[in-house]
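After this come two complexes, each holding subunit A, first together with subunit B and then together with subunit C.
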Partner chain A sequence: MEYEFHWNIVFQKLPQLLNGAFVTLHVSVLSMLIGIAIAVLLAIAKMSDARIFSLPATVWVEIARNTPALFQIYMAYFGLGAFGIHLSPYAAVLSALVFVNAGYLTETFRGGFQSIPKTQYSASKSLGMSSTQLYRYIILPQMFRRIYHPMTNQFVWSILMSSLGILVGMNELSGETQRLQSLSFRTLEFFIVAAVMYFLITKFVLFSAALISQKVFKGEL
Partner chain B sequence: MIQIQNVHKSFGDLEVLKGIDLEVNRGEVVSVIGGSGSGKSTLLYCINAIEDIQQGRIIVDDIDVHAKGTNRDKLRQKLGMVFQQWNSFPHLTVLENASLAPRIVLKLSKKEAIEVAKKELNHVGLGDKLDEYPTRMSGGQQQRLAIARALAMRPDYMLFDEVTSALDPELVGEVLDTLRMLRDDGMTMICVTHEIAFAREVSDKVAFFHQGIIEEIGPPEQVIVNPQREATQKFLSKVLH
Partner chain C sequence: MKLTKKLFLLVASIATVTLFSAANADQLDTVIKRGVLNCGVVLDFPPMGYFDKDNKPAGFDVDYCNDLAGALGVKTDIINLAWGDRIPSLVSGKTDVVIGSTSDTLERAKSVGFSYPYFVFKFQVFSKKGTPINTFDDLKKVKVGAALGTTYETEYLAYAKKKGWGNENYTSFKSENDAYLGLFQGKVDAIISTNTNIATKLQTEEFKEYVAGPYVPNYDDVVGLIAKRSEVAWIDYLNLFLIHQIRDGKMNQRYNKHFGSDAPADLIQALRDNK
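Up next is the complex of A and B:
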């Protein structure tokens, strides 16, 4: 028995799929932005000598890096639900992705901070810069540049992992694909198109990232 | 004037400076020589408050450097420093390297900051490299950039920490020439250096550091040409031969 492809129905539903793709991009962009902000703070906390700062940061990083994303999404959706905190599918997936992104990026940022020579600090201070100026003009620009590639990788990871939204009925690309194929039974067609869309989204993200880095990062480190 | 009075400095249990007294008057050039680990760099870091001290005082003009209320960022505007390892800001062009601090620290307008920076860069012979990135330049050029970057802050004093010792021999001359030029401009300088001939030529005073104290200090004709102390004689015969 041969499988017969019928693409018509898929093309009719393309607007819904594109909408799903938009939600996918939306949730991963947001999870990166919030994740980066938290990771900067966690990285600073983790490098602190005071255990009340470094310990919580370490715990966060260890859990985020050593448990499956699936489990974290379940915890955010069903786990918190058991305590009466009911998140929407979107919010649950977003919090889980933020949690993991922050965990991974903390280590990336810490490595970034530590890779900047101590002499950059003393040189900046000797010019009379305050600590805020030192970080804003000298350290952070160099750090972001060093960690730019790991950061884009993390972004791609977020896009792909947001597909776990399918498990909590989120209307991102996978969830939308699942819903549409179950109505039409054109399973293979829908999932092939969705896979192509994921591929295009990540390629688009990597391409834009490369373009931005060319525009923003001048000189060499 | 910089007055260093009975300064003691330790890193943990290791006492690196064991009572340093030194005065540097306006317009003077003081060279500091001495063996590795004798505390020369540490003293410079103490003068601009990058390091704390445990005892004694350092006064720069009227400012007590390590007193509680002292604004260290303000103090450092008076003191330019250039380090052994050149440390230009790699993500900024030559011009940005030299104009950043005047703009954000001295709050000059962008135009004024660029003007000041250009002037100093021309002064050290980097006028044709303004848009270059430092990583593409030689060590000698980067060291001259570091000097211009410090000068653009209009400091009253310059501290040099072995600014030629990480350079290839053929690049040492251009940096020493820049220091000579500063001396001729009347800049007050403390130069930690291994270049004994240079110290002899440019200094008003030479201080020989030995195991955390100033073993001998005086005009170069004394300390370098005719050292009185045995430790000085030993050190010089080692580095000169």
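Up next is the complex of A and C:
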């Protein structure tokens, strides 16, 4: 191979790449937190016997899980744009990622809920606990403990999928990489550095998740 | 064991022969021997490159590919590229040359080999009629967009930075088409594009209510063909080809076909002077 690597240009532009990496981390953490909150509600709604709750939840999950994330980001940006609703690139990517995260996590959470023996529900009731207390103290802590690993997988997934933000001109790591490589045409160098950054971000997130789990679950995972 | 050794020798000798022939044949030989010119064009940028009504590649750059292949006596294979794919396609050997309106900056010339200029663009503002844009500095007050990784994006951002505008009112789009779609949907009030593309869009039904505005001040976008930097003989051939396009009047013919008038004298003179 006759390719000569030029690394100095990449080091000059490192601050801009780090900015992009920060946006990537930012949008995926936020999409995860909102996604988890929505998914808990959707999972409870999906298990409900009342169709008014279970049907919308099922529709959400089916669309989120069976269409490409690329399509959802495009819908949020140009699709809504056709109706005169203009989200910023950041908001479009965030809402699309929240939509997908919530969809996938709903099924994960439902599995978590259903793995908890029904007898615990009746036992709590017989102790005089309200529904809120039941979920707050008995069900949710056990559920989160059981689905903690699949949940971190979803987190990694949303970090990697946020790179699709490039499609709508978002200045996350991929968009910034694309812009910088077009200035200098050092394509390979910039892409290699971006790949390393993605790797480090996901490792950082997995490490933090492990720390949090030790703190919260006292190592009983 | 004997068989392994034989196999090893066979593989080694094939590898040596291939390596040697690869080292001797330069890009010009390779293209002529192959009988096909793999020509990269951005087909998202009318009238330089686009898909015609029959969904076939067409445009000024596509005609240049065919002219080049004609001169070489080979067939043309048009390879559609996004802006960002131009260099990777050369490095990976997918294309022999990219005729894709590539601005010949000194920064880029460290990575890729440029021919003499083959076209000069102006960058221009495009917006809906009635948008309050009289001079380029009025862009400060409206929402502006352009395609990601293009020279006009860089020029606009540099200009905005120099004037201390900040980037809050700026949006980049993945492609030229997306930028026009964003303008059409009202995501931005104005986009920056090339005068040639704007002229083409103005002729369409969708953009009847739009108008071409001021040019980016003090900037001529001079573009060249690009090839692998190391293929000096091949780039020499491309340069001679471009000289002949002007000398033989082909450049003017192509211009006339795609822009509906003769090539401006100052454009021809600039290309003759290689600047």
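Methods note: the second predicted complex is superposed on the first by the 216 of 221 C-alpha atoms of A that agree within 3 Å, B and C clash if a C-alpha of one lies under 4 Å from a C-alpha of the other, contacts with A are read in each partner's own complex, and residues count from 1 in each chain.
The criterion applied here is as follows: contacts are C-beta pairs under 8 Å (C-beta built on N, C-alpha and C of every residue); 3 or more make two chains touch, one makes a residue touch a chain.
These numbers come from a predicted model, not from an experiment.
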Which superposed partner A:3 touches (first subunit B, second subunit C, both, neither): second
Touching partner for A:142 - first (subunit B), second (subunit C), both, neither: first
Touching partner for A:78 - first (subunit B), second (subunit C), both, neither: second
Subunit B versus subunit C as contact partner of A:183, first or second or both or neither: second
First (subunit B), second (subunit C), both or neither touched by A:168: second
Touched partner set for A:89, first subunit B, second subunit C, both or neither: second
Touching partner for A:49 - first (subunit B), second (subunit C), both, neither: neither
Common interface residues of subunit A - those touching subunit B in one complex and subunit C in the other: none
List of subunit B residues in touch with subunit A within their complex: 45, 48, 50, 73-74, 76-77, 79-81, 83, 85, 87, 89-93, 100-101, 104-106, 133-136, 146, 149-150, 153
In the complex, subunit A residues that touch subunit B: 117, 119-120, 122-130, 133, 137-138, 141-142, 145, 217-221
Subunit C residues touching subunit A - in the complex, by the definition given at the top: 83-84, 87-88, 91, 105, 107-108, 110-112, 145, 148-150, 153-154, 171-174, 178, 181-182, 185-187, 228, 230
Touching residues on subunit A, where the partner in the complex is subunit C: 2-3, 6, 78, 81-82, 84, 86, 88-89, 166-169, 171, 175, 178-179, 181-188
